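What follows is a set of notes on a single structure, which appears directly below.
Read from first to last, the chains carry the letters A, B, C, D and E; within each, the first residue is number 1.
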Amino acid sequence: MASLTIKNAVKRYGSVEVLKGVDIDLQDGEFLVLLGASGCGKSTLLNMIAGLETVTEGEIKIGDRVINDVHPKDRDIAMVFQSYALYPNMTVGKNMAFGLEMRGVPKAERQTAVTEVAKMLQMDHLLDRKPSQLSGGQRQRVAMGRALVRRPEVFLFDEPLSNLDAKLRLEMRTEIKRLHKRLNATMVYVTHDQIEALTLADRIAILKDGEVQQLASPAEIYDRPKNMFVAGLVGSPPMNFIRTKLSRTEKGYGAEISVRANGGDQPVLLDLSDQSLDLGPYVGREIVIGLRPEAISQAGQGNSGTQSFASEIDVTEATGADTLCVLNWSGIEVMARVSSGYAQIIEGTMDFTVDMTRASLFDPETEMRLE
Amino acid sequence: MTDRIARVLPQIVVAPSFALILFFVYGFIVWTGYISLTKSKMLPNYTVIGLRPYERLFQMDRWTVALENLFIFGFLFIFVAIVIGCLLAILLDQKIRAEGFIRTIYLYPMAISFIITGTAWKWIMNPSLGLETVIRGWGWESFSFGWTNSETLAVYALVMAAVWQSAGFVMALFLSALRSVDQDIIKAASLDGASPWKIYLRIILPSMRPVFMSAVVILAHLAIKSFDLVVALTGGGPGYSSTLPANFMYEMTFRRNEIAVGAASAMVMLATVAAIMVPYLYSELRGKKHV
Amino acid sequence: APLKADPKAEVLHYWTSGGEAKAVKALQEAFAARGGEWVDAPVAGGGGDAQAAVLRARVLAGDPPAAVQIKGPNIQEWAEAGALADLSNVAASQNWDAVLPDAIQNIVKYEGNYVAVPVNVHRVDWIWANPEVLAKVGASVPTTWDEFNATADKLLAAGIIPLAHGGQPWQDATVFETVVLGIGGVDFYRKALVELDMDALGSDTMVKVFDQMRKMRGYVDPDFPGRDWNLATAMVMRGEAAMQIMGDWAKGEFAAAGKMPGKDYICASTPSENGYLLNSDSFAMFNVKGDDLIAGQNLLAELILGTEFQETFNLFKGSIPARTDVSRGAFDDCAIKSMDDMVSAADGGTLLGSMAHEIAQAGAVRGAFIDIATAHFNSDMSSQEAVEKLVKAIKLAQ
Amino acid sequence: MSDTTTFAPAQTRSNAWLRLSLWVVLFVFAIWFLLPAYVVVGTSLKDLAEIRGGSLLALPHELNFTAWSHAWSKACIGVTCEGLEPYFWNSVIMAIPSVVLSTLLGALTGYALTKWKFRGANIVFALILFGCFVPFQVVILPMAQTLGLIGITNTVYGLILVHTVYGLAFTTLFFRNYYVSIPDELVRAATIDGAGFFTIFRRIILPLSPPIIVVSVIWQFTQIWNDFLFGASFTTGGAQPITVAMNNLVNTTTGVKQYNVDMAAALITAAPTLLVYIAAGRYFVRGLTAGSVKG
Amino acid sequence: MASLTIKNAVKRYGSVEVLKGVDIDLQDGEFLVLLGASGCGKSTLLNMIAGLETVTEGEIKIGDRVINDVHPKDRDIAMVFQSYALYPNMTVGKNMAFGLEMRGVPKAERQTAVTEVAKMLQMDHLLDRKPSQLSGGQRQRVAMGRALVRRPEVFLFDEPLSNLDAKLRLEMRTEIKRLHKRLNATMVYVTHDQIEALTLADRIAILKDGEVQQLASPAEIYDRPKNMFVAGLVGSPPMNFIRTKLSRTEKGYGAEISVRANGGDQPVLLDLSDQSLDLGPYVGREIVIGLRPEAISQAGQGNSGTQSFASEIDVTEATGADTLCVLNWSGIEVMARVSSGYAQIIEGTMDFTVDMTRASLFDPETEMRLE
């Protein structure tokens, strides 16, 4: 019913092309996250869906209806803004009822709808307050309530959580997830926080300079990033990129790196035989090996890497649950994630195990994944 | 259909104001420009005679004096008002008790018309009635405050009265700006070892450039429009030593039946304003693109 | 004659001070007594400065006031612009030609038709002196400029301000023109200030005039700028200063203070060869529509030139009636002297229009004169330089 | 607000001196600012003999308000002797609609220029802004012609038009700069909620505008109330605003010049604007920073 | 040389007591993080050390010198502010040199010092720019440079990273850590981000309402929080608190909870025998068991919990490296952290293993750790 189709959407401001032909197809009830750095055009795309910006070229459809020229209020959408954009002069109740009032819904009905949503969001005690009397989290809740009360077919969120502190962000994230499950509405969610993207999305569209880099499920984005940009954007700490030369080995393929250990540099051959693709054409050429920090861990204790070797630890950072170690491989800083039990080790050399099945390989020139 | 109207509604709403300004400001400027090229004397006359009124204008001693005065007056007025306003703002920023009260005292002159300002100061500066006699009466025989009576000092009398009227306003502008300075910057400078005085001079004031610009623009507009003050305080005298272009224009247009010359002087004035304002507006609107 | 509409007139004037205000009140009462509705439009300040703007604004808006206080060549210019109404009918029925001297008729007629009503004649070249003060240095009112200088020097030596003077440009110009009349003589005055003869303007005589002006400046106290003329008059009254050169409106001030001419103060003409500098106020009638307004204009014209108003008004104002047939009984010695002098000056060809008061010259040229006179008087410009500037400025203004 | 610039460890002795000199400077300036007011108020409370006898700066012997009541209801202006009262109401009738109109138009224009940016909005704004700098003397003659053409010369409507037009530049500037700081997202949210241009203005923007409305109203009221030139040029007689009447009153003398009445007249003329500043000056300053200082 | 001693420091604004007697003792070269929620007095304490606020009561010493009444500029400290507080009108170079100039250092020397620090921070190409022409990260670097250039004995940081985006924050964090190692200066660092605190600090002081709750090493704070406040503040997602009754069991002590699994609630006895303290006095009373999410993990694959049982998953959130599962124990939402391989499971019941050796126990009334 409320699928969303974006076909070759282009946005130009004068001669500046901000969106360069975006194609996205969204099922009814799907949760799409638009992820990208600041200025890549996320808000612009969202505003185009909302009807707040004109579409320069291309087509946007909700269901089967082309909505390029439909007024925002007739698109059956609701939007939650980063700054919440609550009407400061109205009470929470009025804020939520405003959209209904504008649509000519009778007062009694409005009241019922508002009360219901307020209950659902556990903020019925706030209805008579002004936005200025609310905490950040409460404001966020009101902004959500305002969107919910109209029961639109498509929800749009523009970085709704970025003004909250870490703890609240976590809570609200779970709440949005739960809401989506409950309403089963189509949602488009803009963020530049990759954790948010990974946790919330059914699918993530990664934008860069107005172009979609990859549109896929979180797992796929995380495990099989399409290019180095996506790989670097998602994951914290980000994927380690190790540039090296591919060579043929007995078992298949491998790449040699030099690992600093025990005060000197030791050559180590990273085994790429488990890669399910044909690396033949790349032999002798430079490639980039992408390894997530959790693919490098302390050896032993049931950690199932494909190979192990010693490496010297530069710096460690205990983050509580686990500890990050900075290693030096081929002159590059490489992050490894070890269990927190090892947090106390600050310097020295330790045995690490690497899970090369989880490595991604990239072409250093095109920066695209080798597949 | 209604959608299309809705789309141009902002333009429609701006249109009346814009039309009014176009007609009543730019239309009139064009009209004045045209008249400045005609042989208009007592009433507007639409026969063009070219640039002759401008030639005559610049041959008039009175105009030269008026223009010179505008630069002296304008520069000093803006400069002194900003210095005093700034100083008062800094002083008031030192957690003064009764700040609101003092602020009101400094600010109230802004409410009063130049006519009353001029008249009051005219009395105070009157050598036989005003401050001079009083202070001489206290025994300070050499005290002299008869600025309005001196050909060379009359302009400064205008400056003083104008500063009196606007300094409080400037003070208010700066005070608000001081209040919005990031406190951390002050702390940082203090840690860096700067004395309070140095902090103001080296850090805070230089960082308030936008406020300076706003103050300059508002004061410049007052300076250019100063007319009543001259009439009330010095009458342009002694002689015509303290006339300003606005007074010159008025005198020519209405008293001397030289409408063309008056119009020419108005055009020169407007050109001066434009020369100062257009670059400012340009940079201002450029810089504000992102808001 | 019965009129269709009640007469009504909006009167734009700047008579708001001293005797003038009382005089206008008298006129308004007379107008009202004849059934007229008087719409008062006073624009005070600056001897008509403010009024000039109002008048132009009203004319340009196509809504001029019915009667406006203007005078001298301005009348001619407004008439030339076609703005003034023809008063021939009233003039004929009231026989104005017979009662007005030629000098006045010239001012208020345009192309042979009356377009304005004269109210009065002011003489400008008066010295107002305090006899007691003069007596202190054993002097009497000077009759030549040398005598004037000698007396003034003596007064100065005695610590008395010789000349009370105020600080508006027109006051400087008033002194200036009496000096021109005195030093240069009647013909020079006519050539230079009326006919604008460049030779005369640039002559050595003019240099001498400015020399004398420089001396005059020395006789004035330093606080004069910005001072109103009536305050200067008060200085004479109080004996702080000996003399003032000012038109006969100064008399109103003496009268208001209860001073008697001849006893408390002396009026004498400034030193000249029977010259008489004339200033005359008048009301011009503007083209208006509507019977009531035209009726009002006619009634006003009739009243203004009526003997009754001429007498009351001029008694208040200190001037003399514009018409010659008003009984002299109520007027004081100074006024009578003015009347006599005017007749003899008219006969002798020494009756001249005042430049400073906008009778001899209209706005632009008068302004140029005033500019130079006041600039010279208020600075240390040399006489030679002043003359050069004068020639240049007058050329420019023509 | 309490968080001003101070530096913690107090070096108390030199501080006391600093404090003292600070107060001295503030005090001297206060005297300078108050001097004219003192002269005007003082003179208005004296009787004529006192004025003539004493100095300008002497205190009045007693509080004598007769000059005030005289200026209000009895002093002569031209041939009528009704005091300033009728002219006061003229000014009120003229000022209120002009203030309301120019503020409303300025608000709408500023709103449209900032929240509905159309192509050329900035140029339109710059052109409007330049209107602040036109000396009024320049416009008298063409204005007179225009007013005559419309047929509202010498009426209060003419003045309302004039003041509205020439106030527009300032009010637009104020509102525009204020609205720039209101987030656009508010308008977007309301648009999605289904509100149109005017509904958003009325329901969302206007309720947020009181600070800048105060600025605009005070500024416009002061300017319009204090205007002399337009009042003198475009009205005569009984229709004149109080400033013109006051000028006439001061220059109207029947007999001795009554300085005390003149001063009282000046005070009565200035009273409304003064009261506005004293009562609302704080909001004025606050709003002005929001409106015209872009820091 | 530059140890820092804070003895019973009290700060009052009028009658409001903002700091209620803080005692902190810092070794030369130690890195102390002040962690606490907004408004707890962190900045106030820092400002008192810097000399920007007066000390109401107590004593602050740097080395052996009591500095209560020493002017800020004579304390030999430098401070980095959250807003960076760069002088907007000066170039980067001038910003850095200003403190030296105010101290009368000759120009040539200033230049050398600035260039050196700029090189160290890799920002020598920025020296002629104005702060407004810099990105957030560059500004932060300049703020650091300004502090470094004076070579003070004590560095103070007031939430220096909170204005940066996640990625930059990570980078700068490592950089600060490295700087500390290199300079070996005493540092006091204010933050409300617990990850920052855990990774950077030698010791963390946790503040609440102007009182130090715990002053200890990151590991101790994380593993043995002194009270529930500390336990809840540190760790993300926060520690799970399960309120239950302590009972004696065969092996020692235990506590029963009810776990939702396979559609119904199942009783499970959490075994507390491994706790090294005497729980005797608490038997029969309510206690709070604190369990970090990583102490609850998927069973099998080498995960060494002390006991295992099935539990139903409410919601899952994949964060890339691992996946968070929300479980329902005794009606409370409990977070578990499982490896990312399990991210796909969305609903259903799974076997979890719990490591009870890592549990903390609290008294529900005093909220203090049982020890």
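We take it that a contact is a pair of C-beta atoms (placed from the backbone, for glycine too) under 8 Å apart; a residue touches a chain by one contact, two chains touch by 3 or more.
Remember, predicted model here, so these are calculated numbers, not experimental data.
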**Asked** Looking at every pair of chains, which has the largest contact count?
**Response** B-D
**Most widely separated chain from chain A, with each centre as the mean of CA atoms** = C
**Complete:** Note, CA centroid farthest from chain E's centroid sits on chain C
**Request:** Determine the centre-to-centre distance between chain A and chain B, using the mean Cα coordinates as centres, and give it in whole Å.
**Result:** 56
**Item:** Rounded Å distance, chain C centre to chain D centre (Cα mean)
**Value:** 40
**Between chain C and chain E, centroid-to-centroid distance (C-alpha), Å** = 93
**Prompt:** Can you list the chain C residues in contact with two or more other chains?
**Reply:** 53, 56, 60
**Item:** Multi-partner residues of chain B (at least 2 other chains)
**Value:** 6, 44, 190, 250, 253
**Prompt:** Using the touch rule from the top of the page, what residues of chain A touch 2 or more other chains?
**Reply:** none
**Request:** Please name which positions on chain D make contact with chain A in the complex.
**Result:** 183, 185-186, 188-195, 199, 203-204, 207-208
**Request:** Flag every residue of chain B that touches chain D in the complex, lowest number first.
**Result:** 6, 9-11, 13-14, 16-18, 20-22, 24-29, 31-32, 35, 44, 84, 87-88, 91-96, 100, 102-117, 119-121, 123-124, 129-131, 133-134, 137, 164, 168, 172-173, 175-181, 183, 186, 190, 196, 199, 204, 208, 210-211, 214, 218, 220-221, 224-225, 227-228, 245-246, 249-250, 253, 259, 266, 269-270, 273-274, 277-278, 281-282, 284-285, 288, 291
**Prompt:** Hey, which residues of chain E end up touching chain B in the complex?
**Reply:** 47, 50-52, 72-73, 77-79, 81-90, 98-99, 102-103, 146
**Complete:** chain E partner, complex, touching residues on chain A are 38, 165-167, 170, 173-174, 177-178, 181, 192-195, 198-200, 218-219, 222, 234-238, 292-294, 301-304, 315, 317-322, 324, 326, 337, 340, 343-344
**Complete:** As the complex stands, chain C meets chain B at residues 46, 49, 52-53, 56, 59-60, 74, 77-78, 81, 83, 167-169, 172, 222-226, 362-364, 366-367, 371, 374-375, 377-379, 389, 392-393, 396-397
